[in-house]
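Heads up, the next two complexes both have subunit A, just with different partners, subunit B and then subunit C.
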Partner chain A sequence: MTDIDRRRFLNTAVLGGATVVGATALGSVAPEAAFADVQPDLDPSAPDPDFAEGRITGINGSMLLVTGSDKSLHRIYVTSGTSIWKLRPTGADAAQVGDGLYARGVLLDDGTLAADAVWLNIVNLTVLITSIGKDVIHFDHHGDRVVGHVVLGTTAAVYNSTPPVSDLTQLKVGYHAQVIGAWRPDTNEVDLATVYSAA
Partner chain B sequence: MVGWFGALQPVLVGAVLAWAGALKLFGHRAPALARLARRSALARLVGNERAVPAYRAVGSVELGIGAVLVLPPMLVAEAVLATVLCLGLLGYLAYARTVAPESPCGCIGDKPARVRWRGFARAAALTMASGLAILGSSWWGAALASRPLAALAVLAVEASAVVALSAELDSYWLLPLRRQRVRWRHPLAGSGGFEVPVASSVHQLMRSPAYGVTGGWLRSDLLDSWDEGEWRILSYSASCGGRPATAVFAVPRLRYQPADVKAVLVDEADRTVLWQFAPEPAVVGVSPSTTITAKMGL
Partner chain C sequence: MASEVDAPFYGESTWFCCGNAWGPCGGTGHGACGTCNSGSLQCAWPNTSDACYAITRPDRCGRTGLLRWGCGHTFYITSRCNNARVTVRIADCGPQTDLFCGERDCCSNGLCARDRLMDLTPAAFSRIASLSAGKIPVLISSTA
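The block that comes next holds the complex of A and B.
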């Protein structure tokens, strides 16, 4: 199924015109049943087996080889159903050696993590806005300087917890902000996804 | 000329040293001072438990040397002492830079300022000024009286340089200047466009009744999104009863009405719709406010 084909099919499905096969095929669709799928029988002293973090040290087809910050090694299997975030939702080919990574999924018997979601280079910073320039915002992150790059069409701002907007003109020098962005590996620069601030 | 110039320097060096020393001694309550001293690179040099006494000692020395520099009479020994102190400060900065680059230097005031080129430049400038002071020909008061305008101009320029090189003072002059510039003309005006960001549609989705029902089935973060007329389509990987599926949401693109969000669960392999979200019909009739009004007998 090509991408356009697929989108057309999903459009029809969600916007009407498609027939529902019937909920019986799924069993109960009550939310309680959905949450009953999740089995939170984790050992509180052990690390979550379904989560991995680290830097990508190698890419082998759809397998990401990752070295964790505790030097543990992870093999992360990416499928067409895996969401990949790198500043924005993107495809598996966006992953590069050197990228920082968080992945959530299901640990398979052979030790690979079949990923449901992968976030590349994502950072979450509480900062002070020290300067605003053209397409760039400078931050003070607990004494460290961080350069935030505004990405046209992607960077959004959230003022006072209202829905995100692309208008960044309410950001003010000297205000505190929370920043979700994509780190540029081994620099103090981030591409900005969302900036949360007071207006 | 050099003698006159050098004679002015003690007042600058003395004022900066006295100011730094006074802030270290009297600028904070005891707990804040202890916290500051332990965070600074000084704690690495002398050990954590001796950080507070060492911090106070440095402050006393700075205040003492600053005071004798400013007060008459002017002795060459004072200027030599100040030069040695400034050289020591340079050495301390180099030590902090190599051993504890993450720690604030704790030089002036309580604002955390990492050791960077401005700190070095300020220390170097003070060292030069105190070196010049050794060549001074008289007390600074006499030099000031002999050519008051020129002396005030020199001191003003030097003081501005010290302020400009003090990262601790940025919040008093640099940030307000930048804030004013942004107020006049925001550099990011026009860079956003009028497109509704995808994050906004996701925000609306998460507040919708459809998401309240389907949220538990979602396995992935946002997979894909595209626009279809007045709708923005968002797709997620889902799993329902152990069966993999795709959750597809249609979110109003240009209006904020979470109640209108549509949702389906789709099996992409055999192209069937497994489940469709049916919104709860709005309750018609008695609204809570009417009930309350009735109960209160109004």
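The block that comes next holds the complex of A and C.
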């Protein structure tokens, strides 16, 4: 299905009130499938109309009401096929008012974004490890302190491009790392998903 | 020594936030070019100026051939994992390549790339991969 066909289908389905299985309309909406779609080039200077960022200010059924960091307003339609991430792959009921998000999908004629994927509270930080505790790792992020919480069964480390492991003992104070995690809203704390270590 | 000169070359791409933002990204600003926004199709490049290069230092990883490109230069970034492509323009200096020298990233199809040479905004990265992937191997080209 081409991007234009997909947009036409979603407009008809969503605006017409039909049940939409997934924003990609047909088949899987797992990220690796959604992102493999051929998408037209856009003007790189302009905001991407099929993308939204901001914080959730309201939830009305399957609609997330989001205020962008630039104060723009977004309505994001979450379908049963939307891929949702909040520290790990999860369901739409994980979304809460106050969460930050990034969303990618298809902008419909009424201004709604039919979401292929929504990432809740996701952060990607290049940090310096400043101290390591039992269940917490402290980071310096461009001069700001960030507290990283180890989540049993979820947090993984990647050492020098090796496969992810739950063993964090090779992380070292004074080394740089990349952190994928979920921000705890209105704090300087994140729950750690993956720590990529340069050690 | 890897010399990229003007031909397409492989490298790792990650993503970064810029402009108005929430959470730990809140104070990042609009980048070295003053135009960077997370919702636009933009990128950071390690060699936008002498001052930029002094921070990113890809040469310390043996990547000595990265050309000097300034704000607004267009790159075509193709994921080695799924062939999805995005067109982006330089809006910032980065990534800090030398912090992760020699780092290698591979797709499930076995294709790989090493060294962080490209930082994409969330809007750009999410056109070719899931943000939760964090980083992916890509082909970087200045020609369509």
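One rule holds in what follows: the second predicted complex is superposed on the first by the 157 of 199 C-alpha atoms of A that agree within 3 Å, B and C clash if a C-alpha of one lies under 4 Å from a C-alpha of the other, contacts with A are read in each partner's own complex, and residues count from 1 in each chain.
Definition applied: a residue touches a chain if its C-beta (ideal position, glycine included) is under 8 Å from a C-beta of that chain, and two chains touch if they have at least 3 such contacts.
What you are looking at is a predicted structure, and each value in this text was computed from that prediction instead of being measured.
Contact with subunit B, but none with subunit C, is seen for A:164 once the two complexes are overlaid on the shared chain.
Residue contacts after overlaying the shared chain place A:47 against subunit C, while subunit B stays out of touching range. Once the two complexes are overlaid on the shared chain, A:144 sits against subunit B and subunit C alike.
Of the two partner chains, subunit C is the only one touched by A:122; subunit B is not.
Using the contact criterion defined above for the overlaid structures, shared-chain residue A:130 touches subunit B, although it does not reach subunit C. Contacts of A:156 after superposition on the shared chain: subunit B is touched, whereas subunit C is not. When subunit A is checked against subunit B and against subunit C, the one touching more of its residues turns out to be B. Once the two complexes are overlaid on the shared chain, A:194 sits against subunit B and subunit C alike. In the superposed model, A:70 lies in contact with subunit C only, and not with subunit B.
Common to the subunit B-facing and subunit C-facing surfaces of subunit A are residues 31, 35, 37-38, 83, 85, 117, 119, 144, 193-194. Across the complex, subunit A meets subunit B through its residues 1, 6-7, 9-11, 13-15, 18-21, 23, 25-29, 31, 33-35, 37-38, 81-83, 85, 88-89, 116-117, 119, 130-135, 137, 142-144, 150, 152-158, 163-169, 171-174, 193-194. Those residues of subunit C lying in contact with subunit A across their complex are 14-17, 19-25, 27, 35, 37-42, 74, 79, 81-89, 95-96, 99-106, 122-124, 126-135.
Contacts from subunit A toward subunit C in the complex involve residues 31-32, 35-39, 41-48, 51-55, 68-70, 83, 85, 100, 102, 104, 117, 119, 121-126, 141, 144, 146, 160-161, 176, 178, 180, 183, 185, 188, 190, 193-194, 196, 198. Residues 102, 104, 112-114, 170-171, 175-176, 178-179, 182, 186-189, 191-200, 203-204, 212-217, 219-226, 228, 231, 233, 235-237, 239-244, 246, 248-250, 256, 262-266, 268, 271-276 of subunit B are the ones that touch subunit A when the two sit in their complex.
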